[in-house]
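Take a look at the following structure, please.
Order of writing sets the chain letters: A, B, C, D, E, F, G and H. Residues in each chain are counted from 1.
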Amino acid sequence: MELRDMLFMVKNGEISIEEAEKYFRKKSFEEMGYAKVDMQREIRSGYPEVVYCSGKADDHLLHIFETLYRENGEVLGTRASKEQYTLVKQSIPEAAYDEISRILKVEKPGKQKRGRIAVCTAGTADIPVAEEAAQTAEYFGNFVERVYDVGVSGLHRLLAKIEEIRLANCVVAVAGMEGALASVIGGLVERPVIAVPTSVGYGASMGGISALLTMINSCANGIAVVNIDNGYGAGYMASQINRLAEREL
Amino acid sequence: MELRDMLFMVKNGEISIEEAEKYFRKKSFEEMGYAKVDMQREIRSGYPEVVYCSGKADDHLLHIFETLYRENGEVLGTRASKEQYTLVKQSIPEAAYDEISRILKVEKPGKQKRGRIAVCTAGTADIPVAEEAAQTAEYFGNFVERVYDVGVSGLHRLLAKIEEIRLANCVVAVAGMEGALASVIGGLVERPVIAVPTSVGYGASMGGISALLTMINSCANGIAVVNIDNGYGAGYMASQINRLAEREL
Amino acid sequence: MELRDMLFMVKNGEISIEEAEKYFRKKSFEEMGYAKVDMQREIRSGYPEVVYCSGKADDHLLHIFETLYRENGEVLGTRASKEQYTLVKQSIPEAAYDEISRILKVEKPGKQKRGRIAVCTAGTADIPVAEEAAQTAEYFGNFVERVYDVGVSGLHRLLAKIEEIRLANCVVAVAGMEGALASVIGGLVERPVIAVPTSVGYGASMGGISALLTMINSCANGIAVVNIDNGYGAGYMASQINRLAEREL
Amino acid sequence: MELRDMLFMVKNGEISIEEAEKYFRKKSFEEMGYAKVDMQREIRSGYPEVVYCSGKADDHLLHIFETLYRENGEVLGTRASKEQYTLVKQSIPEAAYDEISRILKVEKPGKQKRGRIAVCTAGTADIPVAEEAAQTAEYFGNFVERVYDVGVSGLHRLLAKIEEIRLANCVVAVAGMEGALASVIGGLVERPVIAVPTSVGYGASMGGISALLTMINSCANGIAVVNIDNGYGAGYMASQINRLAEREL
Amino acid sequence: MELRDMLFMVKNGEISIEEAEKYFRKKSFEEMGYAKVDMQREIRSGYPEVVYCSGKADDHLLHIFETLYRENGEVLGTRASKEQYTLVKQSIPEAAYDEISRILKVEKPGKQKRGRIAVCTAGTADIPVAEEAAQTAEYFGNFVERVYDVGVSGLHRLLAKIEEIRLANCVVAVAGMEGALASVIGGLVERPVIAVPTSVGYGASMGGISALLTMINSCANGIAVVNIDNGYGAGYMASQINRLAEREL
Amino acid sequence: MELRDMLFMVKNGEISIEEAEKYFRKKSFEEMGYAKVDMQREIRSGYPEVVYCSGKADDHLLHIFETLYRENGEVLGTRASKEQYTLVKQSIPEAAYDEISRILKVEKPGKQKRGRIAVCTAGTADIPVAEEAAQTAEYFGNFVERVYDVGVSGLHRLLAKIEEIRLANCVVAVAGMEGALASVIGGLVERPVIAVPTSVGYGASMGGISALLTMINSCANGIAVVNIDNGYGAGYMASQINRLAEREL
Amino acid sequence: MELRDMLFMVKNGEISIEEAEKYFRKKSFEEMGYAKVDMQREIRSGYPEVVYCSGKADDHLLHIFETLYRENGEVLGTRASKEQYTLVKQSIPEAAYDEISRILKVEKPGKQKRGRIAVCTAGTADIPVAEEAAQTAEYFGNFVERVYDVGVSGLHRLLAKIEEIRLANCVVAVAGMEGALASVIGGLVERPVIAVPTSVGYGASMGGISALLTMINSCANGIAVVNIDNGYGAGYMASQINRLAEREL
Amino acid sequence: MELRDMLFMVKNGEISIEEAEKYFRKKSFEEMGYAKVDMQREIRSGYPEVVYCSGKADDHLLHIFETLYRENGEVLGTRASKEQYTLVKQSIPEAAYDEISRILKVEKPGKQKRGRIAVCTAGTADIPVAEEAAQTAEYFGNFVERVYDVGVSGLHRLLAKIEEIRLANCVVAVAGMEGALASVIGGLVERPVIAVPTSVGYGASMGGISALLTMINSCANGIAVVNIDNGYGAGYMASQINRLAEREL
């Protein structure tokens, strides 16, 4: 029953004040709930549900992909295995899989890419995480400039590319080991930098905790950090920022 | 001497090619250095140097304030003590100090505030950090909406304010103890959320590390994290995002 | 304006359906918010707001105490200093302060104590935390049995008291250092044990983290843990459980 | 020899005072020991021994299941593998196994479920731990309401179910990643909340330590925490509380 | 009432079997309790109660000292302040205080020192902890050989003393910073080594945690570790071992 | 060549003073070195070299076993795999292997066991570590009393055995999970307790770190700790203490 | 285009001031960049690129080896697998592989080894890391003295070799477990010591973190630390120091 | 008595074989001991004893300064307070004190400074640690180039100075917060870099642990790390390296 219907019933005396009051008390939670937020997701922001594939049961995954594909005409999955790709492909032949980023998706063709996000990595081993960020951002309609393998141990590589990076509305800096890349980029560009620590490293890198601490303690301005290896999260936030920058006021 | 002036002198023969070459070779670093970044800082992004006051020697602090005030007509200092305020006030009577945020500044009057940043706190004890964020953003010309004391232990307070928060281009979520506020806001709004863990708490809060971990591991999308108690850093990044959102394309 | 008033206005045609709908959409948060939870707090559960005094500004604290005292006729404050007691006492002469637990309160006389909660400590240094738990529980109308200084280094002391502890509906086990008390009690009684690690200890006790880990890893059944030194939290939960046990079905 | 027999012998002079004294000194430990606690387990509390299957040798496991089944007519095993199920099934055809919770049990039919415990999870990946809690509680004769996948990143889902959760005597909140669910539920319900951190997560979740810290530092009242992934422990304690609530005074 | 008295009453029919049975069931805890362990403490092992002075209230401390002095004719206190010494001295003029070890004691004169314990330190800053160990052992009647400032950065100092150390039944190795002393001694002597990490150090020594880890991971045989700065604990255990070595079979 | 042989040659003029001097200068390290420690190992203490098998190359392991067996007539290896047993068995048919403790050894028959060491475990999962301790101690000629599965969650089991434990010269307490066993035993016996944390546990047990911290922070006297799962180290030190206790003065 | 050319064009009016300004802004970064640093690597220092093989894709690895071999006539790869060796060998028959150090290389014959670096290990399990250091240093033209298995639990072995170690210009000390070797060597030699913690150990060694802390906190002078298991890094730095020592002024 | 004398006595029968054997066993340790290492310190390496002043008792400190001054004609003290300076000055008027580095010394005039060490800092707050390094190196006769405030958040400052830094034989990189400076310098220079993390920072910098981890995990070659704030240790090792580079072969 809709809110409006209830109000009509009150007006017409079809329901007592007491019963209506009870209804509204109970409704107050539900009201704010499901539909409203869903509306935001689908209509206002254009960010449809994204599927975290890792660990999902086969039939569960397939069902989710089929449902989202039917409703939205496209669907994005992260952390997918090759086996999951084979599975989904049998049902949705348009499904595509990228082994580097482990992204499994069905994407509407001819999507326009707007604005500019720079995705940078310190080393080549950081590329899988960076690709998760880049492809997530592209799926959400952003233009992405990739600037890979520009870690601080060979600073010239970064400096040679810095003007390209500066053109972006937002920079994603992906680095493992000591994670110094984010600080150096943060000191060279004026746009927000989203730092992604990766689990790349050995010894005392502690699975990315060391890089995370480096980035959180950065002495440069305009840097914020997401979870270790969380390329998706960085791509999502970069998309939010790039869209803000490109919207027409 | 400005780059442009030097070029005029070359063009007009006031300086030989050899001397100009020597200047550019030598200058290439310095030029790219201080002045250039200054240009960026001052002209392109409008972010002048900000002074971290804590621990600075008196004469050093005074000199920096006087220099920046002379060049820019205004200056922003963070983590200042009341004693430092008294010191600066004697030289610059226009200096103002806020005991909550510990911000010491001289600000140009009539500054226009654009766009909208929401700064939220979980509890009242988080307000000093939030004020550092809010006042930093205001100094940089952003409009700030304060939404304080909306922690998740009394969710109704947050929900009652959620529509106001949704109007912002960017949200700063400040929380100590378990730091769950950022996740809940991240699940309710579609704009980027900058999470600031605070050192508020006791027991196993470990000076903010616990809140930091909560925020980094957030299951919600669109959240990135700055250092513990780093209100300034959050205000700076929120300003970067808000400006992008408000710029004319 | 009250929910009920609004419904009368709808019924009487004093407001249009559209305006009422708008009101309810907007109100849904506020309405669900403050008042509702307040109702729960005050009417259903009988747990009024409790004041965490530490770090509160003097006028803020005084205002809160006066307001809560006026509305509820009593008020409980935790982590209060002696100075805060003096302050509140000037305004509310009935205020009482306990230096051990640091509880500052105004309490209705003749409160009946129901059921039974056992509050145990390993050593005498854990007593301040235990008293915070015990006095919180007593304030909420529970009968509390104190069993102090029964740590495992002298097991006979605990065993001599075990029958008394077994009479309780719920046990609060307070211990610092290695925190083994909770495990031993958990193995001897059949009621829920709320374990409170304390910051008592030295060396590698790391401010209570060591005791916290001991309690979380307990091999005994029926133990759950609250934050380090969080006597209030343990007293609150023990009160919830004891009330459940004593309610008439 | 029974205590009573010894006393008769003393009375009848069949044993000297000295020998009896020696017997009682030695007996004092044994007395309090085995039989007594067993009595408690079986008769007073109705919680029979539960088998932690993981890592047990095949013949050892089988022997324990057969013995407990013979004595109690039912037996509960946790963390069992499918192979262990096949093993036990051959000897006890009534044995049942649940792959999600990894619970292997033989249960008396027609068990009555009393009271109400709500078991909630943040995500679907937390369900195995939640099921261990739920099925443990059900085995001990409690009615369990499951409320899954109501994490704080989509708050509407939780709010839509909150009235159902409020009906419970005790809530078990199961969450990995940042673990904020417990705080939010703790702020919305008035019954004790047992928080179970899970090892679900990646990056800086550190196998559940991050969620554990979040829950321990919760700003909400009435929350206590058990070990990471310890669904059994939460189900056990929830059962203790629910039974207290449902007992006849 | 004594156990023996009760048995006489049973024998003489002054009490029924049922009442006696009830008494013994209840007594089983108490009986095993206080007196028995006390007997051990005082008679069998000769280790009377030791007072941890730090943080004790003045009247509490004084009462304990007076009581123990009256009963035992001597008393040992650790971690005492100079103020506590002045306090106790007023009541017990025989009290003596050592500022280095912070031991406050009243000791029976002419105590014989048996066997041999070697107490070694890496540096001079470790001496306060070493003295707590040494003086504790001496109070308990052991002969102590002090070998201070023999840290591994100047190995010759240790090697010059190694024959003296080898004469001991047990070695206490006290070291802060990197704590390597224990390993080196462990490799050179054949007696048990009790390693005491100290909080001496800076930087990444983390208040002694680093030295503790070094000692726990020692590659040498025959080393066990006590808590950081726990000189008393090391002295106590060294005394246990030395007495075993010196007892007449 | 032996030291004594060289001296005879000097005495008899078979070697010049200069050559002897050169020998002693060069030898001073080696002599002090290998042979001397060997002498200690073999003659004074009777502790021959023990082989840590894990990770050793096949031919290396075989060579070490053959050499030590030839020189000493027996040899003890720890952390051996079944494959290593098969390997050694082919060369030394007397080799024996215990799957629980993973000890691989060749032992002289008819070895007398002296004194008494009690080896206790909290649970059955701790037995492999306990067996490594017990069998190491037995190999070194000590009598060992095993007291297994007496963890504090069922205190009666421990109390029923406490008199047996008290007969030992030294107690080895092996426990994982929360590790409270060592504290409880430490409070009940007057002999030195060597605590061995094990990696048994789950959730926040962190591979034994939690149990290690519990034991290090123990409030009981007379406890020292070895590394996680280091049964060998505990057995070795227990042997040192038991031998001291049993030696004839 | 050269800087000088641009200046001539400005002088001659062939380019506008604005365009020249733009050029110099852009140039300022490039200037310092690529070529310059590359020159250092290849010409000035003689340290060619080294390949970290682990995790590299087969064709990627092969391409890098072929390219570097063609350009430099030799190539060094670390952390290579046997499979990678087989792969490279097919294309470059001169490739050699060492299973211990996991170094895969093609090396110019007849390389002269200069100066002296001592590489020491505590145990035999540390040898793989030590060999990575030693072979890296040898590849770079340094003479290396290996001193293995001289850990502090048998100090005589180290002392017997100390004079050889003292001949080196630089010492690499490789140790796991408690890592005390570096401190002891640091106290005995006057040359710089590069300490390499290894992940060798068990229990609380935490994958080398414990050894790392020991080395960082060393009380000896002249010790600096590289990452856990980072033999390559130690060999590289030792080579830098040895070359400095051997250069002709 | 000399070794040679002893051998003569053996030869001449003035001492028995047994007594000589005993002598050599005992001597073997002393031989290697005290005098030998001392000789190294004073004669071979020219590094006299340095005094760590912090925490030393007044008379102890004074005595050490006077003794070392008398023997060496100069003395270096680190971590000295102003009060300690006043104390020493009264006895040794030539004593000088630097408040920044907290170095208290008496230095021979006209000391020649050889070679070149570059000491760099990220920020101005790192200067005290850098000065401890620089002044230590200068005291040991090295020429030091200071390059301060060149942190990576303003990379141009570092690049402008990079050629000066490249002239040094060895670089000391001092940085707090995220500590990225060492990596960037390591990537730009070919000489060994000694990285010194400082405790400068806030939030999650954890007293320098974060910077330490950054430096240990550096992706650049030729970096080794000393303890947090250990300027002295870095200056000492830099001096060792610089001397090697400047020695005449």
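The rule is simple: a contact is a pair of C-beta atoms (placed from the backbone, for glycine too) under 8 Å apart; a residue touches a chain by one contact, two chains touch by 3 or more.
Please read these numbers as outputs of a predicted model, since none were measured by experiment.
For the copy pair chain B and chain D, the superposing rotation over Cα atoms measures out at 175 degrees to the nearest 5.
Seen from the C-alpha centroid of chain A, the farthest chain centroid is that of E. Two copies of one chain, chain B and chain G, touch each other, and the residues they use overlap strongly: the shared fraction of interface numbers exceeds half.
Greatest centre-to-centre distance from chain G is found for C, with centres as Cα means.
If you average the Cα atoms of chain D and of chain F, the two centres end up 39 Å apart. Per-chain Cα centroids separate chain C from chain H by 55 Å. The distance from the centre of chain G to the centre of chain H, each centre being the mean of the chain's C-alpha atoms, comes to 24 Å.
Contacts with at least two other chains are made by residues 29, 32, 37, 154, 159, 187-188, 203-206, 209, 212, 216-218, 221, 227 of chain H. Contacts between chains, counted with the stated touch criterion, involve the pairs A-B, A-C, A-D, A-G, A-H, B-C, B-D, B-G, B-H, C-D, C-E, C-F, D-E, D-F, E-F, E-G, E-H, F-G, F-H, G-H.
Chain contact summary for the complex, chain C toward chain B: residues 26, 29-30, 32-34, 36-37, 55, 60, 197, 199, 208-209, 212, 227-230. Touching chain A in their complex are the following residues of chain C: 3-4, 7-8, 10-11, 13, 17, 20-21, 24-25, 28-29, 31-32, 36.
For chain D in complex with chain A, the touching residues are 125, 154-157, 159-160, 162-163, 202-206. Within the complex formed with chain E, the chain G residues making contact are 122-123, 151-155, 177-180, 183-184, 186-188, 201, 203-206, 209-211, 213-221. Remark: chain C residues 37, 40-41, 44-45, 47, 50, 159, 169-170, 188, 190-192, 194-195, 212, 216-218, 221-227, 233-234, 236-237, 240-241, 244-249 touch chain D in the complex.
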